[in-house]
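Each chain carries a letter (A, B, C, D, E and F) given by its place in the written order, and its residues are counted from 1.
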Amino acid sequence: MKKLLLTLAALAAVVCLTAPVHAQEVTADVIVADETGYAIDNLFLFIGAVLVIFMQPGFAMVESGFNSAKNAVNILFKNVMDLCIGVLLYFLFGYGIMYGDAILGGFMGWGGMGIGGIASDVAAGSLTPQCDFLFQVAFAATAATIVSGAVAGRLKFSAYLIYSAVITGLVYPISGFWQWGGGWLNGMGFHDFAGSLVVHAVGGFAGLAGAIVLGPRIGKFGADGKPKAMPGHNLPLAALGVFILWVGWYGFNPASQLAIVGADNTNAVMLIAVNTTLAAAAGGILAMLTTWFIHKKPDLTMALNGILAGLVGITANCDAVTNVEAIIIGVVAGVLVTLGVKLLDKLKIDDPVGAFPVHGMCGVWGGIAAWIFGGQPMLAQITGSVVIPLWSFVTMFILFSILKKFNALRVSPEEEIRGLDLGEHGEEAYSGFQLWTTQ
Amino acid sequence: MKKLLLTLAALAAVVCLTAPVHAQEVTADVIVADETGYAIDNLFLFIGAVLVIFMQPGFAMVESGFNSAKNAVNILFKNVMDLCIGVLLYFLFGYGIMYGDAILGGFMGWGGMGIGGIASDVAAGSLTPQCDFLFQVAFAATAATIVSGAVAGRLKFSAYLIYSAVITGLVYPISGFWQWGGGWLNGMGFHDFAGSLVVHAVGGFAGLAGAIVLGPRIGKFGADGKPKAMPGHNLPLAALGVFILWVGWYGFNPASQLAIVGADNTNAVMLIAVNTTLAAAAGGILAMLTTWFIHKKPDLTMALNGILAGLVGITANCDAVTNVEAIIIGVVAGVLVTLGVKLLDKLKIDDPVGAFPVHGMCGVWGGIAAWIFGGQPMLAQITGSVVIPLWSFVTMFILFSILKKFNALRVSPEEEIRGLDLGEHGEEAYSGFQLWTTQ
Amino acid sequence: MKKLLLTLAALAAVVCLTAPVHAQEVTADVIVADETGYAIDNLFLFIGAVLVIFMQPGFAMVESGFNSAKNAVNILFKNVMDLCIGVLLYFLFGYGIMYGDAILGGFMGWGGMGIGGIASDVAAGSLTPQCDFLFQVAFAATAATIVSGAVAGRLKFSAYLIYSAVITGLVYPISGFWQWGGGWLNGMGFHDFAGSLVVHAVGGFAGLAGAIVLGPRIGKFGADGKPKAMPGHNLPLAALGVFILWVGWYGFNPASQLAIVGADNTNAVMLIAVNTTLAAAAGGILAMLTTWFIHKKPDLTMALNGILAGLVGITANCDAVTNVEAIIIGVVAGVLVTLGVKLLDKLKIDDPVGAFPVHGMCGVWGGIAAWIFGGQPMLAQITGSVVIPLWSFVTMFILFSILKKFNALRVSPEEEIRGLDLGEHGEEAYSGFQLWTTQ
Amino acid sequence: MKLIIAYIQPDKLTAVKQALYEKEVYKMSVTNALGCGQQKGYHETYRGADVEVNLLKKVRIEIAVNSKFVEPTVEAIIKGARSGKIGDGKIFIQSLDECIRIRTGEKGEDAIG
Amino acid sequence: MKLIIAYIQPDKLTAVKQALYEKEVYKMSVTNALGCGQQKGYHETYRGADVEVNLLKKVRIEIAVNSKFVEPTVEAIIKGARSGKIGDGKIFIQSLDECIRIRTGEKGEDAIG
Amino acid sequence: MKLIIAYIQPDKLTAVKQALYEKEVYKMSVTNALGCGQQKGYHETYRGADVEVNLLKKVRIEIAVNSKFVEPTVEAIIKGARSGKIGDGKIFIQSLDECIRIRTGEKGEDAIG
């Protein structure tokens, strides 16, 4: 006990010397204009943020469930860490870049480190900077975590940590600034309501870059080039993950209205929620039917992907379409994701969980659908739906290529075969269970 | 990539030709009467809806956990699909039937397809039609998903899809109209606050019908007629599911007050929440004690069923009883469910997860308890508690019998023994794990 | 069916004779002062309570995932039951003790059994007694459930039920009264915002007492006294549990502001939410780095513990520190928990999930940090951070020692080796899976 | 003494056990196995990609018997396991030099049953 | 050369390994098995229904040894596994024609240890 | 007839199967096993505590062959499984008295392939 207290004291001492690099003051001496509306809208966004953060275990479960047991610890760990790192990096740099004043000719923003740089009034529709940050950081973490599925089973843990820091601290905030920070895409009239492009396509195309630079897992493509299935090890977990994501999406889309007080806001939020639900359902059904038609058996994993596809597809336009249009958007997304998975197999790109078809392709579809059904300007929608994915793909391609150059990207073949859990972490996900060590 | 874009374009073209069958307009030009209250009450119901939708993974986890590993994909898939199908069918027909104007001499309602048929004012206690739909569709999906547990391990996947469509599009909305849509049961004074009968008993008795028409799983009853245990394959998942259901029930019951603004509403919501909690706890404890007493060992799965039993039992009457009465209702439900499981075994009815004892029997108990403790009119309570289960049982018995007639109900014995996952989906839930293929 | 109805009738009869021991009336004839604010604040606390109750499956998943498969049912069952028993005991005694008027010279409070003893006004910031109870009972259940992890793998199920009743009905409410019930610690100026001490340290030190009195699991320490790893059997579940706990903590900390209406409250809630997030992230990263440094491999289970450590550490002071200070508090907690795990191994105390390092040590750290960073009075903080843990440790040490005396504490060595699931419950968690029966 | 090893279809285990009981063979040991034989395996799809399953799930039974029990044991296994379809399995018979009951130290034929 | 197969109670594996080490037998292979023997199995209840468990969890050990090691190996197994209760298990001994070390190609007695 | 038992590294199974196919050996049975041999095991840490892993994951292959196939089968296994590193595994060969195909009742050499 003594030793413990000594340690404690020593640590406390060290800590006290560390001067806070950035101080926030929550001043409340503003005259209270509309405290009730202020409370409600902030509460609403807070709930939204909590739901979006809840999407993290959703991703973690889907991705680990869709991969093999020997890599489960590694994927879980990556999911845990992209959240932790994302929170800190977005706090330090990302938030300031995304919502600060334009610098470098409007290429990015800068509002200082931490949260302090942005103030708020007390009124309905006005958010405390802290609340705003919470909501935004949850979105940043979502973009980051999408990639872990696409690069599963072969990317080094340390490489992933670096990637996480770069995407949440730099890449995501910059393209985010273009649109949501008031940058040039926003100026053009590009409409991406809750982030089909800004969040999902960024993640999906980063994942594509990773999958391409890494190359496929050993055994994914036979000597004849035919894709081989590498079945997921725990579909109940994966299904749970998708359900959780569905639930979390009620934070993602409806709360992106950013206010609920005022009949317009209230009505919009509820329309968005229903549209989100309808698109998810339609996506799931269509993906099931498409696979059933092509492969003669209904495939659970594709139906799960279809639900996510519908959710991603509706994200950019859920505020601007009718219920029936939402169903159509989901229908298209459900078909799209099925074809996307087959396309990647054709192109010999190995994306173990379908991160690109779901978030990349359906993200783009969401942007386009905002033009087709949502009445948004065609040019702006096409520009945004091309530029943002490109930005993410190119920057991440460069990053992964640099890591590859330094041999810091991919684990050794021996380790890959034995599993990253033993190789990188010396830990098994299911200690005591008997696993077929080879199939 | 080119091919992809072509596909996309083609699909978009098809989609554009499809005219929306039903358009909604979210008009906001109503004069704002009480925008704040409107925002709060809709937010409250929205949160409730999200919590009720969160019950879906709860059911999925309980049901797959309580069944064998070889059928896990099948059950999960059924749970995923009853939500997707339920959402679309309830959108197309169910909502209009349940909350439209009475037709066919008050047998059912009709308010048109989609959501458009019902309008709202901007005031506290008034819900946007979209929000109302979201809340109601979550309930419909709950009723539907209860059945998958009772028919697990032998019902064909396609038969389940048909069943899902019928219950959410027709059967549930009709009896729902009788009570919540302002139909004759409501006119009689029948009180079913959040749906012990309207939701749970409908699901529970439909499950009973399914279990009876299907017959027991191979091996459930020995040559001597003695019931054999067929243990669940993943009790941690099942326990997680029950916890999730408990949490989701805070949407189910409290939000059924339909408003929180106004001291009466606020107080009612909180009383309901506490009563729900107390009944769940009491149900869990009593089911544990009863099994402990009878079988000399405390059985986790029965305690979990007991919690659900308490929750179902309190659902009809949680607004009308005191805390202590809530405990008593839970106590009775906990005992009831234990006896119910034994009763089914006696009757040689195979309900793998106890869906009927939990949702059917305790649903009826909830209706009766609203009379005994809640001071509701005896006649109305008994009528409602008999008619609704009967409606569900009879219609579903007919449906399942028709399917049986066409040989479309039950998988072949070979497939049943090998497991529905391989037979129907060609997919394993736990690829790589070594399972005892026989015990 | 007849038999069933008879049983039902008989039960109902019994139940009707049981007079309610304690009646609550929800009177709403108070003049409505600020119904809107009242609705919002109660809604806010309700949401908080639901999130805190959601922490229960979080704990259940972490604890069962971190232990071996042969004890999974037992741990899950304990987690289920401490909630059920906690709800009833806290209803009967705990709430009255914790928030009643001071008796026994201020040693504890008493406000009668049930919830009736405490009234409320209709105004912003005022809670209905029912809502207040719901929030408080969720905290009581949290304190109780912490222990199950520390005593896993050897404590008898019946002993745990007794323990649960005592802690939620007596021990937790008494020290809770000292601080949150307006007792002497509160009078001194001790600041424990959301319960680093009142909740977490109580649980953590009770767990320590249990672990010491029980002694280590067979095989935990080699003949040479060296600690042996006994790896957890399901790390995906454990990771899911930690994510759920993180999410649940958004109820635990922000809602402990007890009101959101009023700009000060709104701002405080959001600051608290962000601080909670930052500390969790920092704790996770630092625990990962510390273990990586010491053992050369990043260890998922330690990172997960680190996140929880950060959350516990920020709990006492999240309202009183800046964002940067929150990060520092998380950093220290992350290091502390790693050292704490090693310390217990040195001391030959077997705490399978690290309940003491996380909740006990970091709970104390939270109290101290409220002085160092939060500007709270040193004397009060130190007193509170010593007295509450001591109270819990001593009372629980006595309880467990008495149980040991009567041979009612620990299962037999044979049962321990075979697993408590078969021994105590005759049930396997993973029926059909092939487990290495020995390693 | 002989050691009989049989590979059978998993779903036949109960029938084989039943048939063995009828011949008064009560002792046996069972393990999970994957088998590759005439039954060529099958192709499945997972997410649209091919899974070639050529190691099929089988159950391996090991039974030590006295010589005079060999015949009835083999008959019983065949009776319980034969369906006439490819994949029914194989029986292998080896000689067994010694058998020891750990509990009592008994050896040879006495120890087997 | 002999091949020794032993079925033991799972919780005795550590003790058996220990006893084998003492006799300088370091090599072995272990598999999970289910056993059916004199130990008749037991009945459990799950949700109030009966579970008849008559295939009990056992561990199967396979050890190839040179002839002079047979005696000590058997003794060690018995020492580690005997509790005197029904279910302690059996040891089977078979002759082994050949043993090859894959790494070096060594054969016979040299390859075994 | 002979019964060949081989313990190999799990990740060599595909290569061994390939090599066997080339020699026209198509039938085999595979089980999971834990092995203890010259490869002494390794130490891991879990939550800072030591895990001594001395039972390593192996795959056990069992193949019944006619005598003239013994040589090629052993060669194929060695070809597929050898890496030259400790832990490559062992091959054991036993005589097989009888082999019966359950489906047809065929016996002996005819039944094996």
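The rule is simple: a contact is a pair of C-beta atoms (placed from the backbone, for glycine too) under 8 Å apart; a residue touches a chain by one contact, two chains touch by 3 or more.
Quantities reported herein were computed from a predicted structural model and do not represent experimental measurements.
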{"item": "Given chain E and chain F, the chains that contact each of them", "value": "C, D"}
{"item": "Selected pair, greater C-beta contact count between A-F and B-E", "value": "B-E"}
{"item": "Whole-Å gap between the CA centroids of chain C and chain F", "value": "51"}
{"item": "Averaged-CA centre spacing for the pair chain B and chain A, given as whole angstrom", "value": "31"}
{"item": "Residues of chain E engaged with two or more neighbouring chains", "value": "31-32, 34, 44-46, 55, 94-95"}
{"item": "Overlap residues in chain C, where contacts from two or more other chains coincide", "value": "36, 40, 43, 47, 231, 234, 240, 297, 299, 301, 426-427, 430, 433-436, 439"}
{"item": "Every chain pair in contact, whichever chains are involved", "value": "A-B, A-C, A-D, A-F, B-C, B-D, B-E, C-E, C-F, D-E, D-F, E-F"}
{"item": "For the chain C and chain F complex, residues of the former touching the latter", "value": "226-231, 291, 294-295, 297, 299, 301-302, 305, 338, 341-342, 345, 354, 436, 439"}
{"item": "Chain F residues within the chain C interface of the complex", "value": "34, 44-52, 55"}
{"item": "In the complex, chain D residues that touch chain F", "value": "2, 5-8, 31-38, 55, 58, 60, 74, 77-78, 81-95"}
{"item": "Residues of chain F touching chain D in the complex", "value": "3, 17, 26-32, 62, 64, 94-103, 105, 111-112"}
{"item": "List of chain C residues in touch with chain B within their complex", "value": "3-4, 7-8, 11-12, 15-16, 18, 20-26, 28, 30, 32, 35-36, 38-40, 42-43, 46-47, 49-50, 53-54, 56-57, 60-61, 64-65, 72-73, 76-77, 79-81, 83-88, 91, 114-115, 122, 128, 130-131, 133-134, 137, 157, 234, 237, 240, 424-434"}
